[in-house]
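There are two complexes below, and they share chain A, which is joined by chain B in the first and by chain C in the second.
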Partner chain A sequence: MSATYATPNTVAEACELLTAPGSHALAGGVAFTMALTKGQVDPASIVSLAHIHELHGVKGEINGALTIGALSTHGQLLRDKRITAHEAQLGEMFADVGNVRVRAVGTLGGNLAYADPRHDPAPLLGALGASVVIESTTARRTVPVADFATGAFATVLHPGELVRSIELPARSAETRIGWCKLQTNSLDDYATLSLAVGFEESNRRVTHPRILVGAADTHVRTQRAAALLDGVELDAVGRLASEVIEEVADVLAADIEPSSNHRGSAAYKRDLVRVALNRALDRTRTHSPQAGTFR
Partner chain B sequence: MNSTSVIDSQDRVTGQALFAQDVPADALHMAVLRSPHPHADIVGIETSRAVALPGVHAVLHAGDIGDKRFGRFTRDYPVFAVDKVVFCGQPVAAVAAEDLATARRAAALITVEYVQRPPLLSPAEALATDAEPIHPGYAGYLNAVPVRSHHNLQGEDARVVGEPDSAFAECDELFENTFTWQRSSSAPMESHGALVDASGDRVIVHASHKEPYKLRRDLAALAGRPEEDFEIRPVKIGGDFGSKGNPFVESICYFLSAYTGRPVRGRLSFAETLGATGGRHGGSLTLRTGLVNGRIHAHQSRFVLDGGAFVAPKPMPKGILPMLGLPLGAYDVPHLDESAVGAYTNTMPGSHVRSPGEFQAIFASESHLEMIARERGEDPLEFKTRNARHAISRNLIAKVRSESALWRRRGEPAGNTVLGVGYSLFHRSAGPGDSTVKLSANGQRVVLELAVPDQGAGSFEAFGRLVATRLGVERSRIQVLGRSTDSGLVDLGAGASRVTVVVGRACDDAATKLLAALKLDAPPSGDTTYWIPDALQAVGAAEIAVEGKGSVGRDEVEGLGHAHGALAIQVAVEPDTGIVRARRAVLAVNVGPVLNPVGLRGQLEGGFIYGLSQTLFEDLRPQDGRIELDSFNDYKLASGVDIPELALHLVDETPLPGQGLAGVRAVGELVNIGVPAALANAIDDAVGVRLQTLPLSAERVLDGIRKRASLAVAAR
Partner chain C sequence: MQTPQQLYPLNLTVNGAEVSAQVPSTRRLVDFIREDLELTGTKVGCEVGFCGVCSVMLDGEPVAACHMLALQTDGREIQTIEGLSARPACAKLRDAFVDEGGFQCGFCTSGQLVMGTALLEKHDVCEMETADLALAMAGTSCRCTGYYGIHRALRKAAQ
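Presenting the complex of A and B:
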């Protein structure tokens, strides 16, 4: 490997450098250095984003939305009161990304751009309706987190494009969110399966449902299951009828395409998606940061 | 923490310790081309494109160096594959180049033409009557086992005690269970590596290798040169756990260095460490036990071990791990019929991993006895206590029982989990060996020079403390140094839990000799000021140096006594996912006199964690003979978040005798061996699922829960 190393000071400079073939953006470097070590990438040039001030920090908008700079580390986000006030399960999720070393340097932008399906942030952010703000030398565009990854290690990013920030929309009082991460191996390991569900509660009915599954494959295959929730009635304590949950779980289990590996067989992961759905739905009824993960 | 306990660890935690990769040299870098097939003939090797790459200094394969084989006893492992490859990951060729990236690029440019053969991936396939021989040239290997009952056997072993055949006929109850277990890795944090400089008259080697004197012998034999031509210099080792007694890297670096006349540095990637060094022997064990009036009367064990493609990583004249006597070793068994077979297969060689055979044997036997007791409707601890051979076992069981008496168990719910408690009883002996040490004293300090390498277990500190105690001086006055193979000392290397006992005897002997040279029977009592200058003056010497010898013979091992342990673990099991977490544990051990309390604790706790890790998580999962896990990112070891509270109790502790090391026991591989059965028993206690296969994965637990549920429905 022999690569040039650049440290631009602005997003525009970085985008310009990233148009060169074989260029790679370097954020926290967690995934990048692993990929380098394993020989999965052979960069011609490395564009460090560390010196770009506008990519750092979390900004609160007047309407309650949050703009999270792409270089925010998981550690910074789990300690950010605005993030946890927005959704307590976000704090829990960031606190469980990798291990303490990963959280200290790994960034949210880098995490999403690497698009490892085993990673934790995308499903929950997707359920919260978050979007990725993408910038290039010529334009800026916004893509929902749920549509950002197009497959394992693949995203909608084009050469010369950079993740600038992640936008969390203002939280409405009707938004219900549930997240569940299942780890069958070490608690420092990736999720064997994770799932986030979100919807708006309107007149005791589910509207705008979304389900995102992590560690199985991409999120696009969960749309059929999510659609089954649309318009479904909630009982007095916010519960769905168990037949509905079972039907959704059946469709999810049929539609996801998990791989068999040392964390479990595909069939086992299809069992886990049912458990995860039930636990996540359970959590839509409460904002208390407990249950759902196993400690 | 005692202030002196940091001495050995200081260099390691501050990054000052010198590992093989830290030794500066203007060296070339090694890359190895490995077989992509588990079993194939090599029809041709084309290296011209690799040789032509700028920066490449050498490309070597068996056609260049010939049929050169190593092995810790039987020498069946070729430095480069000769005519055929027998496991996926076997070295076929290697490159030395100016930098690692160039070396790797060049290795990828070597073209090898293979004709694949059907792989024999299990002992059952390899030991079929018509299976083709994996090693057609076996009989020609140095130290080959002379007589084998099948051409794909690595070795076999059997023994009979009493009259098992008639004894089984006398039994009123019979129980039989079969257990199987996975391939796992020794997984050292520092991957295997070496720096070899064969450019001069003498060959200088820095290596992450736990047996320097054997490495010298092996390299000399491979090179066809006298041992005196080689000097193995001491470096710190970043963990061994079993696999660092083989010249996997050193041998290749030697030939590359000899060919190029330049030092050559080699370091395996984690993918190579996991997939192409050695792993725990996979296999199965069938246990059959007969009782008379509730007491064990007759026992039969049948081991089948997957030895992998080479027997080389086992230093065993019989070609098989010493499994006999392990399964019910802590119990009274009047009649015994044991046998073990180890098979060559087209998989990664079976190696030593954190106690090579006890882990599997104790998992099986402590599960088996628990199953017997439960089937009889008897408390398993009562059953074990009644049949235990030694009083110490009964004391240890009593200790863990009382310490865990108030724990919730038997499926009691806790949150979304149910709880269970499991127990195990285990013991471990130390292996034989020899070692010499040099001890010198002058007006300022005492220097202890060791031939045994420091593989990270804290042994240097234990010996420093032992000598300080013997000489009645403060630990800070003792400097402990590792010495090269040129020192004139001897050592069998680290392993088999032998270091403390063997090298400890040598240190004790040296201290006694030093006192004698100072014309004293014992150090001046009561005062720890540095008294040695006065004593030196009294005998008219500026400095005195002595050599201490320590040795434990093969026939002496049994008489040393075992280290004993008992373990209680509470688990929480999620009934809907099968996920198991250890919640708390109590460990009671009997280990004899303690040389270094902090070091002891580290070894016992570390053993527990590794046991937990290999029981619940670690599995190399070869797929059609290929190991696809390529880093610790996926091959997960238990880490801080997985470890429950562990209470530690020393039972019947004895003081260090005034002279000699009587009673000192091995602890390095004591605790990990007890963990799998305790966890399996705890899972059974929690959810009524008996797992007889390692690892005890969540998926297996859930399968068991489902089967139980469907049986319950069917029985309605």
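Presenting the complex of A and C:
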């Protein structure tokens, strides 16, 4: 194992280097170094992105959108008031990624590009309608976070492409967001199941519903369940009828593909979907923090 | 025949001293610290970032040396347990660990001291609820003490 190591200063240079077979982009290095330790990767070349200035930092756009540089660490994001003002549950979620050491070096771009289905950011960012800005030597394209991972540890990224930033669209007053993370082992373990729901409230009806499930061991397609929410009526305090929630939970439980492991059996995780959906929907109406959050 | 490993220059500050070395690209920070610098207070434990025995300070923030490459620290400053006593919070915490029985076998102790020092420097531990203290130290495992001694030591050092 003898990998070359490069520290390009521009995105264009990095993209060029990443077209080479066996090349790996290095962001925070958390997952990459663990994969090296386990012998899961045998890189021909390592392209460190750390010196690329434009990949760092969060930029507020005039229209209220936020552009999050791919190399922003989870720790930086949970302490960034613009992020938590956009959605308080983002602060909670980032505060719950790994542990304080992981948050100090792990990056959002690296996290999404690694596409570990047990990780927390993708479901909530997907429910918020965030997009991934991808750059290559020849083009730039934008893919919704919800469509970015195509499976466990698989994304739409081609060789020679890298994640430049994550765009959070301007928040509308009608946007409702709820996130729920359920853990069966210790609080610093991965989620057993996490679920994020987002929709726009229009004339007391649900429009543009999104549901994303995390930690289900495979990438989860939830359009069928989300479609059931489209146009559904909300009561005076923003609640959905319990029969609707049950129906959506049944479809979600059928469509996710959890595996049995030390965090719980597949049947248990299918059951947890109902709990997570109810709690996440409750949180679309309130802004109370989830218990057990320390920053 | 294996090709010889290509080496890359690494210049950093370790415990206040400037260090220059040549390392392969895939050398982990923890292996660089233990094997190249022979600073063996930093331990290798779970190797997946969970246990905390490889914790070191990087530019004043605690990080896990098992999930970083040595080359990522080029131009930066690290502090290992060997140099951490220079920080007053660590010196107090070390004494409190002795007084309060914060360790038995000692394997996790250097990691506990690194993480505990970082916590003491940023938070008022005296004011923290037990549950918050446990959460703040989550990811720093001890398999002997049951944590009570560690929590007592943290509170004593915070006084």
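Simple rule for what comes next: the second predicted complex is superposed on the first by the 285 of 295 C-alpha atoms of A that agree within 3 Å, B and C clash if a C-alpha of one lies under 4 Å from a C-alpha of the other, contacts with A are read in each partner's own complex, and residues count from 1 in each chain.
Everything below uses one rule, namely that a residue touches a chain if its C-beta (ideal position, glycine included) is under 8 Å from a C-beta of that chain, and two chains touch if they have at least 3 such contacts.
In this text, all values refer to a predicted model and were calculated from it rather than measured experimentally.
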Self-check item: Combined model on chain A: chain C and chain B, fit or clash
Solution: clash
Exercise. State whether A:A227 touches chain B only (first), chain C only (second), both chains, or neither.
Key: neither
Exercise. Go through the superposed model and pick first if A:H262 touches only chain B, second if only chain C, both, or neither.
Key: first
Exercise. Classify the contacts of A:T184 with the two partner chains as first (chain B alone), second (chain C alone), both, or neither.
Key: first
Exercise. Return first, second, both or neither, reflecting whether A:M34 touches chain B, chain C, both chains, or no partner chain.
Key: both
Practice problem: Check the residue A:D271 against both partner chains and state whether it touches chain B (first), chain C (second), both, or neither. | Solution: first
Practice problem: Would you check which partner chain A:V102 touches, where first means chain B only, second means chain C only, and both and neither mean what they say? | Solution: second
Exercise. With the two complexes superposed on chain A, say which partner A:P43 touches: chain B (first), chain C (second), both, or neither.
Key: second
Quiz item: Once both complexes are aligned on A, which of 20-28, 56-64 or 92-100 in chain C overlaps with chain B?
Solution: 92-100
Quiz item: Just which bits of chain A does chain B share with chain C as contact spots?
Solution: 1-2, 34, 37, 99, 186-188, 294
Quiz item: Across the complex, what residues on chain A touch chain B?
Solution: 1-2, 34, 37-39, 99, 182-189, 192, 261-262, 264-265, 268, 271-272, 275, 291, 294
Quiz item: How about chain B: which of its residues touch chain A in the complex?
Solution: 101, 104, 269, 271, 415-417, 574, 576-579, 581, 613, 616-617, 619, 621, 629-631, 633-642, 697-699, 702
Quiz item: In the complex formed with chain C, which residues of chain A make contact?
Solution: 1-5, 26, 29-34, 36-37, 43, 46, 48, 50, 75, 98-102, 104-105, 186-188, 292, 294
Exercise. Sort out for me which residues of chain C touch chain A in the complex.
Key: 2-6, 8, 24-26, 28, 47-50, 52, 55, 58, 61-64, 66-69, 71-72, 115, 118, 131-132, 135-136, 138-140
